[in-house]
Amino acid sequence: MPYLPYTEQEKQRIFREIGVSSLDDLIQSIPSSLRHPQILMSHGLSEIEVQRQVLKLGSRNTATTDFLSFLGAGSYEHFIPSAVQEMVARQEFTTAYTPYQPEASQGTLQVIFEYQSLMAELTGLAASNASHYDGATSLAEAALVALRQTDRTKILVARSLHPHYCDVIRTYLAQSSYQVEEFGFLAHGGLDLESLQKKLTPDVAGVILQTPNFFGGVEDLNGVSDRVHANGSLLIVSGHPLSFALYRSPGEWGADIAAGEGQPLGMPLGFGGPYLGYFVASQSLLRRIPGRIAGLTEDADGKRAFCLTLQAREQHIRRERAGSNICSNQALCALAACVYMTFLGKQGMREVAELNVDRAHYLRERVAKIKGFKVDLERPIFNEFVIHCSRPVAEICKKMMAARIFPGVRLGDYYPEFKDCLLVCATETKTGEDLDRFLEVLSQC
Amino acid sequence: MEVKMNFPENLRYTKTHEWISLTGHKARVGVTEYAQKEISDVVFVELAKKGHPVEQGKAASVVESVKAAFDIYAPVSGTITDANGALEANPGLVNQDPYNDGWLFELEVSDPLSVDALMTSAQYAAFVQSGSAH
Amino acid sequence: MLISNDDRLSFEKSRLGRRSVTLPKGRLSEPLIASQVSRQSELAFPEMSELDTVRHFINLSRKNFSVDTHFYPLGSCTMKYNPKVNDWVARQEKFTSLHPLQPLETAQGMLRVLWELEDALKEITGMDRFTLQPAAGAHGELTGIMLVRAYHASRGDLSRKKVIVPDSSHGTNPATAALVGYRVVEVASDARGRVDLNNLKKVLDDQVACLMLTNPNTLGVFEEDIIEIARLVHKEGGLLYYDGANLNPLLGIARPGDMGFDIVHVNLHKTFSTPHGGGGPGAGPVGVKKHLIPFLPEPLVEKTKDHYAWVQHSEKSIGRMKSFHGNVGVLLRAYAYLKVIGKEGLMRVSEGAILNANYLREKLKDVFQLAVNEPCLHEFVLTLKKAAEKGIHAGDVGKRLLDFGFHAPTVHFPLVVAEALMIEPTETESRETLDLFVEAMKRIAFEIENEPDKVKNAPFTLPVRRPNDVLAARRPILTYRDLCRAKNTTEIAA
């Protein structure tokens, strides 16, 4: 029997030793009417058979290693150094439990502490937690923090925030009397700050926006935090974490909370998960940060030691308002991010960011020259931009796919204003030849 | 269970383990020795907000231990006038000296008679002993 | 020495100009980063050579206990062996290199895996449909309670404000309920940790939205009256929610769906062998009976003939609980596990779990005191009340076990038992390991009587001993910057 240690004889011997004749003696407490249900499931397979089956199923997938992929929209193809993959595969990390016994988990705890330090540095804010499930849930948590901190009832969300993040925030807040309201974007996808200003009413607890936004555009947030703070609200900024190595970080923009998707920091596409929700806040919000946090302290012998801390909020039940949150983190993903950021280091982070900007710019400049397609060359971008097609995007995609290219995400699926538009992403994984191939096929569409 | 705990006679007590000391219309509030023991080492106090009106029985402050956070309720209705800033640097005062240096907040009491309706030291001691205190 | 003494952070090992990774040097264009949006401060990240970085992390990994190195009898955590073929499946490029938004025709193999996994979970639990979106048990629980609320709201039944949990239940339940706007009412359990029917009848009324139960309970005891409990709850119009943390001993033996549960969440990182990862990622799929299907999160996988697709299945859906599709890498591992153990394997797993737990219970019942004096299912609880009289607590025993090379069991939980030690060996442990554990426990019992300081001040053989968590909470140092600041004011030593 796979994974079970005993032979039939050994098993019977143990039954006898504990004075029992069979399993039935030990499950008397389970009503007989419930016992031994009919379960329709396949029979067990050997490892070699399972591997064969999985490979066969895999052959029905076309991966981004089969086609040339320009898909982004919240899930990014980035280079993961081999050393990172080796570290993350260490069983002492993967098969460990949550570090509730700190003496037995200094490895996990120090990694979390270093992850927190790196995220604080990257986002320019004071204190990070050990991560949430993904960018969407991290933002939902940020919204709840803003609501509790300000004691207000409304959250303003930019329409240029990733649609899934918006959906999840709505789901979380739908259970309460809190409200979510959107403010719009201008024709090119950048924030409509007038629309935001109009909606900054005294009941607004927090404003959530994303830069680079869902359309790839980097926002100029000069003056925004002042306006938001003047209204007594919190500013919550989300964004592709690698972009903060080159572009202004949330902390530098005056944000109170940086929350978003950490997948680009060493996690594969993986069809959507497991990912990593980063959550970093200003010093004044320290005691409100949800989730797990590792802290540095000393042990009984005066040595440096790490332990989980600021846990009280998890067990705090306030009767009048929405309670505290219980959230496990994604420790192994935080490990991947920590290892990734450490291996890249100061110079590597900057260089990867530069490569992303470089590839995306090269592509955008040349798409602008192809008849039948329009791009906005003015907007600062990180690794994504929008292509407006003069013909139905379905046709374009069909032709690109026939040439073994994933051309990008169809924006019309999410925003009616962007019908027949593609959101195209070019990361450091694309070579000049890859980009030229995209241009070649596109020009034939 | 025989527990020798101190419940000063000049104070009044609530079932949620706050003490209150009244002078005219002004009162000072903290948690009892029983409470600080139950809470164990205090690591942080979310101080009551000056100027805030409070209702009897509603949370005015929060005391955190390593394991949990505890609402501290206003024993009577009124308006918060002060909170113990010394607890920011030294939250452990709540454990060391719950009735003096470890006080939590002060308030302007709406109805001083409402304080008389609270438990006396003897009544509170009996309440704690009875085991229905949790 | 084998375990490194070096407790420096990567930041402290950093040297100016050093680097690990090589990246392409060429640039294809000359983009300008406008100064009004460029990053202003330097990125103060560590700078180390690749070897130094590798040593840093490998040495950190060696400071961990893990299932692959130590016996980990944590109650209600099901720390069973994490099969390596699961990892093999999860790292196949045909799955790791799939983009969540790529055209569905190009991901049919992936969608079929999700469909088959859902099928298997339905069969195992006796439920009608599953959402695979929730990223953890707690997330699944939140989803489940949102489903409860949506269900009652759809029937115009807005007066239900209470959720009932047994006092022996896990602490996360009340927090989840509160987040969704419910008030938690505890129902007192009997001496065996089971729901007391009389107490239950006292709190059950038409204001109750649901009763949350884990079965068997946290003492490893099955709720024998579960069918009656379900009947009582349903009679009042409430729903019955199953916390799947303790599903392991029921595999192939009994199903929560058959017991009358309306909603179920399972923990793939417990029952279904996916690794704990030091605290995630896990997955907490939620299963429901027919009447709750319309409320499940969007989207669901649908199969038509041989084709699989995502479908926005219902207007009444509570919406999205997470971006994209859930923790697919974890789902793949659970899929592989079920493929290997198969239908016959289910009962062998539960049988093994129950056997090992009872073996350990028999061997320990005269060493310490059992909380419940009867056969258990997959876990049992010891009470160290007597040791407490000598000033030794359950937590101390847990720490001393680390010196013997065993991870501590769950300590001080469930709260209904004083000085509790909750022990769950799982089915993948051999009796030799269990015997060694028993020897260690006997030795500790001896030490409690004769050398109590050894237990009180343990552990002695690990990199650190009793980190000061009070200090950690009073003076939070959460980042390297905090540490630098603290050092300048000489608040801590080194």
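Letters are used for the chains, namely A, B and C, taken in the order the chains are written, and counting of residues starts over at 1 for each.
Going forward, a contact is a pair of C-beta atoms (placed from the backbone, for glycine too) under 8 Å apart; a residue touches a chain by one contact, two chains touch by 3 or more.
On a predicted model such as this, the values are computed, not experimentally measured, just so you know.
Top-ranked chain pair, ordered by C-beta pairs in contact, is A-C.
Summarising the inter-chain layout, the chain whose CA centre lies farthest from the centre of chain A is B.
With centres defined as mean CA coordinates, chain B is found 43 Å away from chain A.
Computed centre separation for the pair chain A/chain C is 20 angstrom, with centres defined by C-alpha atoms. Look at where the CA atoms of chain B average out and do the same for chain C: the two points lie 37 Å apart.
Touching of two or more other chains is recorded for residues 43-44, 64, 66 of chain B. Along chain C, residues 469, 473 each make contact with two or more other chains.
In chain A, the positions touching at least two other chains are 309, 312, 315, 318-319, 324. Those residues of chain B whose C-beta lies close enough to touch chain A in the complex are 43-44, 46, 58-59, 62, 64-71.
On the side of chain C, the complex with chain B involves touching residues 469-470, 473-474. Contacts from chain A toward chain B in the complex involve residues 287, 309, 311-313, 315-316, 318-320, 324.
By the touch criterion stated above, chain B contacts chain C in their complex at residues 41, 43-44, 64, 66, 91-92.
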